[in-house]
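Letters A, B, C and D name the chains as they come in the text, with residue numbers starting at 1 for each one.
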């Protein structure tokens, strides 16, 4: 069994540098790699390109990196919950590339799966397709989209074992599995790290082969962005 | 009298068919879930990775790890399932979702839709909307017929950057139900008490009126 | 909850006709839809195009359809365990299209995922790439491969619920999940059919949205092709 | 004396590195698993959907639902995982598997490999071989240096239909260990008791011999 465990977040992020391209899992604040983000803030590296569906809120998630001006470019599908983001974007300090959410997910998967490019209908006829190859298949128009090339992927899982096998929980799964596949170095933080053999091999969402480093995360806030409830009757 | 948002949702709910999987966008479309006709089984897909989405959780049981595409805490019904974003959009792109309901800023008579970007204003992004409109066989747009200044949003061609081309089949507004075909808007129903002339006045695109136009029924 | 249950294999196969294109799950004899195959033999339809990684053995799996000359064309990656197959192929009665296994798997997934075409390195420079578009990405050559268009997909799962949610077991998973995604009509037979709600929603391999019909299978033989064992010491 | 199949496997096992994921083809490559050097952790990937493949099951415990790519009953080790064929080839195509060992009918000096088809004979198919050779960074071929008639299988160019182009880096035969580079075969090691001249005679492609060629060590 190949052991992927590193001691802590410091070891896990060894090698990250200014100017690199990262993938970060999560949808909104759900399933984000909280420990890795905090460490990136502490490391103070900058000029980062971040591929992440969203950009956090002002004081949480990727918003923490934005506050410190560590991000040069965001590649996302939706970025609308963050005042500082808006300020930096409108002032031209921050470059933003917006990508349809399904295209973003599929490009992450393609990256990990050795597929350099694929065709998708999303965005055909819109400015998203400008400058891209388009093509007809069976009477419908499609856009050619390419894999990414991230140096690190930061992923949050629910449970993981020492061999790097991962299980996600609820909708905190979202982009995490495909990003785990895609990282040249994939760093996973888990809520619960167990011994290899404790997880059912038939129920693993992402096999350890995709994971380079795994560690027991800590102090998860798991902030809720929109607390909507049904009143107790 | 023009419909309020709840009534628009209620009218759209009448379009639901038994055993359909449905993706509801943020805003008015979300309200459609409150008006599922009796005897109709549908399942709601949330593109962040959830099928069989249920109502908001009972106060105190909300789970940060269970949200919808609007980032609201939700529940999952019996028989539901959880999955990653790639599989979620495989469902959407592969046309396994029978109906998509979403809002729009503009719709044109050839079925183009614009709902993600206003030049010069902060652009938040298209989220999953471009995938949804490019893929769905069946798209219903829920929208106000005119903007706050009274200008029509039902147009000959969209002025805003497009979200998708030639994809909208049906529109339910505060004034009317419209079918989009043959490069025109066909007036199918009027909101109760709203006249055909009022709808004509509020519609900038080519409007086709065939025979008597019935009022919506609730 | 949308109910996908049909009473039995007869109902499940309603609408199959001669000349159609089918996908059939399984790797070797592992995870094949035994009940559907038996019913197809009984229905006696022919001129079938079958997309399946293998073609069974002489007296089991797809071999049963071959014996009755029901198959016009096989689309597979490996077909070498079947004398009747060899005879029909060499005599020209049976058309065979051989596809690299990973390309086959990815083409099945693409079919279900609304991806009309993608690039893969497999087969570049070989006769598999003849007549196909090839293209360079980042200094490496790739071949353009397309989605399929099957009328039915026949899938075998371990457990399934009335909503069509599926869990596979061991390496009997193989091609079954992607084929479940790909069928215009996906017919699933399960070893154990349970009520919706009995399966953990976090541990479902294929959500019911991909499944049109599900039924409780019976009389599984689950034949072992190569019984290799370590002697008891 | 030329190596037997077990010895070829044993020599290849010396190439394994700590923490490598390895895919072993059918035949001689499968035997490599029996000779993992001490202190080296490797995991075996079987392309039908299994990582952490273990030895054959104890008689009576074999499971029809747990086989390898050769359709043999196998076991799964602690920390292993099961997955579908698409994810399995995502691992392979995405270069997450560090080493592929497979057999060949012919290898050419530019690294082409032919191992799936003999024109005029029954063609069984390429299985996963084309994906493996097109994707792997690191391919070792296990083969006999010559065919039954004594003709070399180590060639200037392949005569059989190719499985992949320019992909083979290393070959271990019954006679020698060869590195494939610069459009030539570099003789790295001799089988114990086999002379350089014997290897020369058995090699049809361009063979480069630099200095003394050591014997393999076991």
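The criterion applied here is as follows: a residue touches a chain if its C-beta (ideal position, glycine included) is under 8 Å from a C-beta of that chain, and two chains touch if they have at least 3 such contacts.
Keep in mind it's a predicted model, so treat the numbers as computed, not measured.
Engineer: Out of curiosity, which chains are bumping into both chain C and chain D?
Structural biologist: Touching chain C and chain D alike, sorted by label: A.
Engineer: Which pair wins on C-beta contacts, A-D or A-B?
Structural biologist: Spelling it out, more C-beta pairs touch across A-B than across the other pair.
Engineer: If you average the CA atoms of chain A and of chain C, how many Å lie between those two points?
Structural biologist: Each chain reduced to its C-alpha mean, chain A and chain C end up 33 Å apart.
Engineer: Could you state the distance in Å from the CA-based centre of chain A to that of chain D?
Structural biologist: Here the centre of chain D sits 36 Å away from the centre of chain A.
Engineer: Please report how many Å separate the Cα centroid of chain A from that of chain B, as a whole number.
Structural biologist: 29
Engineer: Roughly how far is chain B from chain D, going centre to centre by Cα mean, in whole Å?
Structural biologist: 56
Engineer: Which residues belonging to chain A are in contact with no fewer than two other chains?
Structural biologist: Expected reply: 106, 109, 113-115, 120-121, 168-170, 202.
Engineer: Mind pulling the chain D residues that touch 2 or more other chains?
Structural biologist: 76, 82-83, 86, 89, 92-93, 135
Engineer: Identify every two-chain combination in which the chains touch.
Structural biologist: Pairs satisfying the touch definition: A-B, A-C, A-D, B-C, C-D.
Engineer: Along chain D, where are the residues that touch chain A in the complex?
Structural biologist: Counting only chain D, the residues touching chain A are 19, 21, 41-43, 45, 51-52, 76-83, 86-87, 89-97, 135.
Engineer: In their complex, what parts of chain C are in touch with chain B?
Structural biologist: The touching residues are 1-3, 109, 111-115, 161-163, 165, 181, 196-197, 201-202, 204, 207-210.
Engineer: For the complex, which residues does chain A have touching chain B?
Structural biologist: 27-31, 53, 76-81, 86, 89-90, 96, 98, 100-106, 108-109, 120-128, 158, 168-178, 205, 222-232
Engineer: Can you check the complex and tell me which residues of chain B touch chain A?
Structural biologist: By the definition above, chain B touches chain A via 46-50, 55-60, 62-74, 76, 82-86, 88-89, 92-93, 112, 122-131, 134-135, 161-166.
Engineer: Which of the residues in chain C end up touching chain A in this complex?
Structural biologist: Chain C reaches chain A through residues 106, 110, 113-121, 137-138, 140, 142, 146, 167-170, 202-203.
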